[in-house]
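Below you'll find a set of structures to go through.
Look for chain A in each of the two complexes below; its partner is chain B in the first and chain C in the second.
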Partner chain A sequence: MSQTMTTQHRGFRSLKARFTLRWSFWAQTAFITLLALALFGPIANLLIWTIAETWYFPHTLPNQWGLKYWQQVFNPYSDVSGSLMTSIIIALCAVVVCLLVSIPAGYALSKHTMPWRVGFMLLFLIPQAFPNLTVYINIARIFYDWGLNGTLLGVVLVHSVHGLMYSVWISVAAFSSIDPMLSRASRNLGAGPIYTFIHVVLPQAAPGLIAASIFVFLESLDEFTGTFFVGAPEVTTLPLLLYTASMEGNYQISSITALILLIPSIGFMLIINKFMRPEMLSKLGK
Partner chain B sequence: MAHLDIRQLQVGYGDKTILHGINLQVQKGEMIALLGPSGCGKTTLLNAICGFVPTQSGEVHIAGHEITQLPAERRNITMVFQSYALWPHMSVAQNISYGLKVRKIPKAQAHKRVLDLLSIVNLEGFENEKVTNLSGGQRQRVALARALAVEPDVLVLDEPLSNLDAKVRLSVRHELKALQKKLGFTSLIVTHDQEEALVMADRVAVLNQGRIEQLGTPEDIYQQPETPFVADFMGADNCIIYKTSEPNVQLHLPNRSTAQTFALYFRSSATQVQAFSNSKNEAGLTLSGLVEQTAFLGQQYRHTVRSGEQVLQADSRECWPIASQVSLFVPPQALHVFDLATHETSNAFQSNLRG
Partner chain C sequence: MRASTSNLLLIGPAALMVVALFLYPLFFSLVSAFTQDDLSFTLDHFVKVFELYSNDIKFTIIIVLSSVVLLAILSIGIAATLTLSPFPKLVAVLALLYRLPLFIPFIVAAQMMRTFLAKNGLMNNTLVAMGVMTPFETISLLGWSGIIITFVWKQLAFSTLLISGAMAALNRDQIQAAQNLGASRLRILVDVILPQVMPTIGVALVLSTVTIMSVLSVPLMIGTGSPTMITADIAFRVNSYGDYPVANALGMVSYLICAGLAWFYLRQSLKDKGALS
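Up next, the complex of A and B:
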């Protein structure tokens, strides 16, 4: 009697298990499909737009295919190549500014003996804590007084403030993950603190600093709000151009611009993937 | 005059004092082992000598010059680190020649020195290898070559062998000792392994809680420990507190009254297991007890014997059956006797060690 009950019970259990398995399988499939659609749907749409010459509303696919707009974009006198150059120059300058600040700051903050350490680290997060728009409007007002509005320098500074959050935190992690014995060994052999920093500490921190630079570069390349308030209309970066193009209904140009913006992101992500050491990530914020 | 002269050195972190008045004189060409349990301040002492931690008081002199306040890079004392601390972004040759490059030695001369050192540490042909491709023993040898390259006044080694597996450790230990004899460098080597200290050092300093308990030749330290701590640390790990009234313990010491309370330390290897006999009037310590446990050690069996309150270890070639009654005998020369009145702290040491 009791035996039959247990078999029954077991049968029920296995049925239930199979059901749960099925259910979770379908749930997973549905979830992944939705995710893929959400991720790749807009990208597919964007890709189609880049090779559409005319595409009117009720049609699912473009009426006329072609590369006309690519030629327009890569025409050396087009707005796109001009603002691409501006974007790259601004991004490189922001990287330099961020490195100049975050190498010394990151090294100092990686020392646990430093007073107010956490306070300083939070300081670099503050601009992110407020709504972007408020921060940038205020920056724009201050920059207006200083005559920085509409200048490359102004835009570089805005991008740097934004990028510093990433670069300082990543640099602190990079410097913290270095074994302090490595610099002791160097001092031990007769090298002063500066020689040690250049020959031992910096090379060890380099992968982290490269990762930080890439983040700053990409963030700068994508930045819109700050550039809009501080730089426009004198300084036109790719995201600003993209914005104007889509406002004017020129989806081809804006799609191609978006695609151009996508290339460095993907490329650099691969590089970061190679350079970022997992143990460094574990030191983030420590 | 001593080559390295440490006088009344007191070192700590913040308010906490770790080293309390260390005095140590190292002669030129001598190798001294600093032996002590984990956390007693061995690494701190080396760091203070190297200039990595500031001293609270006291002085360090090298060849007659005071170096107490000099920064690390101006001391010419090099360290072999427990974790090797090789620079992973440099090749073996770059690691070794770093100190020479800092000293602006011409490239050709530095290269020759690197090759010499590589042959000294038995790593010929490894100069272009990445250090991350080396095994632990090889890394340790690169670290040694790097530290020796600049011909330091003193070489300090912080548990250089502790990260190596047992077999490699033995061979590196021999190489290190042979090298020290051949090149004659003055060195301080830190270890928590008593055998390592005995084998390698000319003299051994036993540290306990930031103080040097005893400084002497390996033989002295092993055969004549001056304090209960040293006796225990050097492997005399049987300890009994002897009181005259104890019924199953008999103590006869030549030239010594046995009317006081003593702490007796002795090695399990010096303890003989004998058939139980009631009265023995031989000089030495005789105890009776029951065998509680035996373990095969290869050469002999280790017996755990309970005698009254106390549990003792004794080695014998014979395996005595469990629960048999035996006599344990320790000859007088193998007994380390401490008068409890003069070693009041010995119980504190004990609880510290065993706790």
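Up next, the complex of A and C:
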């Protein structure tokens, strides 16, 4: 008698467990669907605006579709082509500046015996740990005295400081992970320190340095606030052009510019996605 | 040459860049906020800030706090689903999905939201097409709610990445043990996982606050006039009046908002360790 009671009870429990499992499956599916709608909705709206010629209230979709604005944008004399070039030149220069100062710094900081190592690591973190808007307006004021306001060099410097945290921290991680035996072997075989560094150490750290360059490039390409104060109106990068077009209500041009900015971001994300597992991120800086 | 000297030479250029192009302007802003033209100490700029912008300061604090709370709820929810969900396929989809905005620039996010949340945006149009509302009931979400939505939309990927990373680094045995003892998933989350990842949640939220207080494009493009965020006020003060002292005093207020959150987090984490009673 009591035996059957228990079996029945168990049967009821497993039924309940299955019901809970199914319920949580549908709840999670619904959550993910809502999230997908919230994430893709704004992107879809952007894409529609890039191919809308006219679209006004109360039409659900554009009244007239077309590629008219794309032709305008890719006209060689348009503002967009010019700012795209400016943006790329600035980003490449920022990468060069960051690598030039981060490779030696990263190499030195990768030795754990270095005095004040933690202090220096924190120093490079500071530009990301403070709200940097206030700093930018003062940089603009200082640059004005130095004659750097509105010049490419000024904008490159601002972008480099912003990217320095990524390049230094990633370089430190890259140089820390190389095999010290190889460079010792090279020195034993009679190679000089500089030869060893260029031919043995640097190639091993190359993947990390490439990742660092990608981060600096993207940060520079997307930077708005610093350029707004230091560069404008003489230097117009893509984000500044996007902002101006959007404030003028020219949503087609600003959406196409936004799409141009999105392509490298998404592309690099797919590349970096391979290296950037969340569990790896928790080890950064150790 | 001694090893430490050569190390200093190697770090020198990078350190000098941060000092000259970040710490020096930071110091400059401190001096400018607290002194008059002849460098004598004054609090006049702060008096002016509170006269003109006390509404905007309140508005900014409300936006920061609501964004941080929403971010915490959503990113803990997503990270917990990733860690505890018994359905591997859903987890794979979610893991790809939540990272989407990670590398989307703020200015692009702002432009997307400027069109998406508008009165004639895709969101309202979809609701109208579904018959939820008529075209004349639609409202524009541009303004404070739009600013919060944009910040949460963009920053969610970053905070979830950090928090789910911390959850993935936890010892699985404890979760397994709790499961074997019959604990529900919600109970495991609250009693086993959350206490251990609290430090990471704190870091993610403090860094998000710093980001929110640094981004100028979102309040400029999504905000509507008054009240607005103090970041927009700073830009206005500089661009329209060239009034650096008041802009810098406003900047100090933005530091204080971040410092306040960081302080709250540090106090909380010290309390948990029993250092404070």
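We take it that the second predicted complex is superposed on the first by the 271 of 286 C-alpha atoms of A that agree within 3 Å, B and C clash if a C-alpha of one lies under 4 Å from a C-alpha of the other, contacts with A are read in each partner's own complex, and residues count from 1 in each chain.
Going forward, a residue touches a chain if its C-beta (ideal position, glycine included) is under 8 Å from a C-beta of that chain, and two chains touch if they have at least 3 such contacts.
Keep in mind the model is a prediction, meaning the values are calculated, not measured.
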### Task
Examine A:271 and indicate which partner it touches, taking first as chain B and second as chain C; both and neither are also allowed.
neither
### Query
Who wins on chain A residues touched, chain B or chain C?
C
### Task
Applying the touch criterion given at the start, work out whether A:30 contacts chain B, chain C, both or neither, answering first, second, both or neither.
neither
### Query
Given the touch rule stated above, what does A:46 touch, chain B (first), chain C (second), both, or neither?
second
### Task
Using the touch definition from the top, say if A:184 reaches chain B (first), chain C (second), both or neither.
first
#### Entry: Which superposed partner A:204 touches (first chain B, second chain C, both, neither)
first
### Query
Just chain B (first), just chain C (second), both, or neither: which does A:122 touch?
neither
### Query
Of the partners chain B and chain C, which touch A:195 in the superposed model: first, second, both, neither?
first
### Query
Touching A:67 in the superposition: chain B (first), chain C (second), both, neither?
neither
#### Entry: Doubly contacted chain A residues - partners chain C and chain B
none
## Note on the structure
Contacts from chain A onto chain C in the complex sit at residues 21, 24-25, 28-29, 31-32, 35-36, 38-39, 41-46, 48-49, 55-61, 100-102, 104-105, 107-109, 111, 114-115, 120, 123-124, 126-142, 157-158, 160-161, 164, 168, 218, 221-222, 224-225, 228-229, 239, 242-243, 246-247, 251, 254-255, 258, 261-262, 265-266, 268-269, 273, 277-282
#### Entry: Footprint of chain B on chain A - complex, ascending
179, 181-182, 184-192, 195, 199-200, 203-204
### Task
Could you please specify the touching residues of chain C with respect to chain A in the complex?
4, 6-7, 9-11, 13-15, 17-19, 21-26, 28-29, 32, 77-78, 81, 85-87, 90, 93-94, 97-116, 119-123, 125-126, 128-129, 135, 153, 161-162, 164-166, 168-169, 185, 200, 207, 210, 213-217, 220-221, 231, 234-235, 238, 244, 247-248, 250-252, 254-255, 258
### Query
Across the complex, what residues on chain B touch chain A?
50-52, 71-74, 76-79, 81, 83, 85-89, 98-99, 102-103, 146-147, 149-150
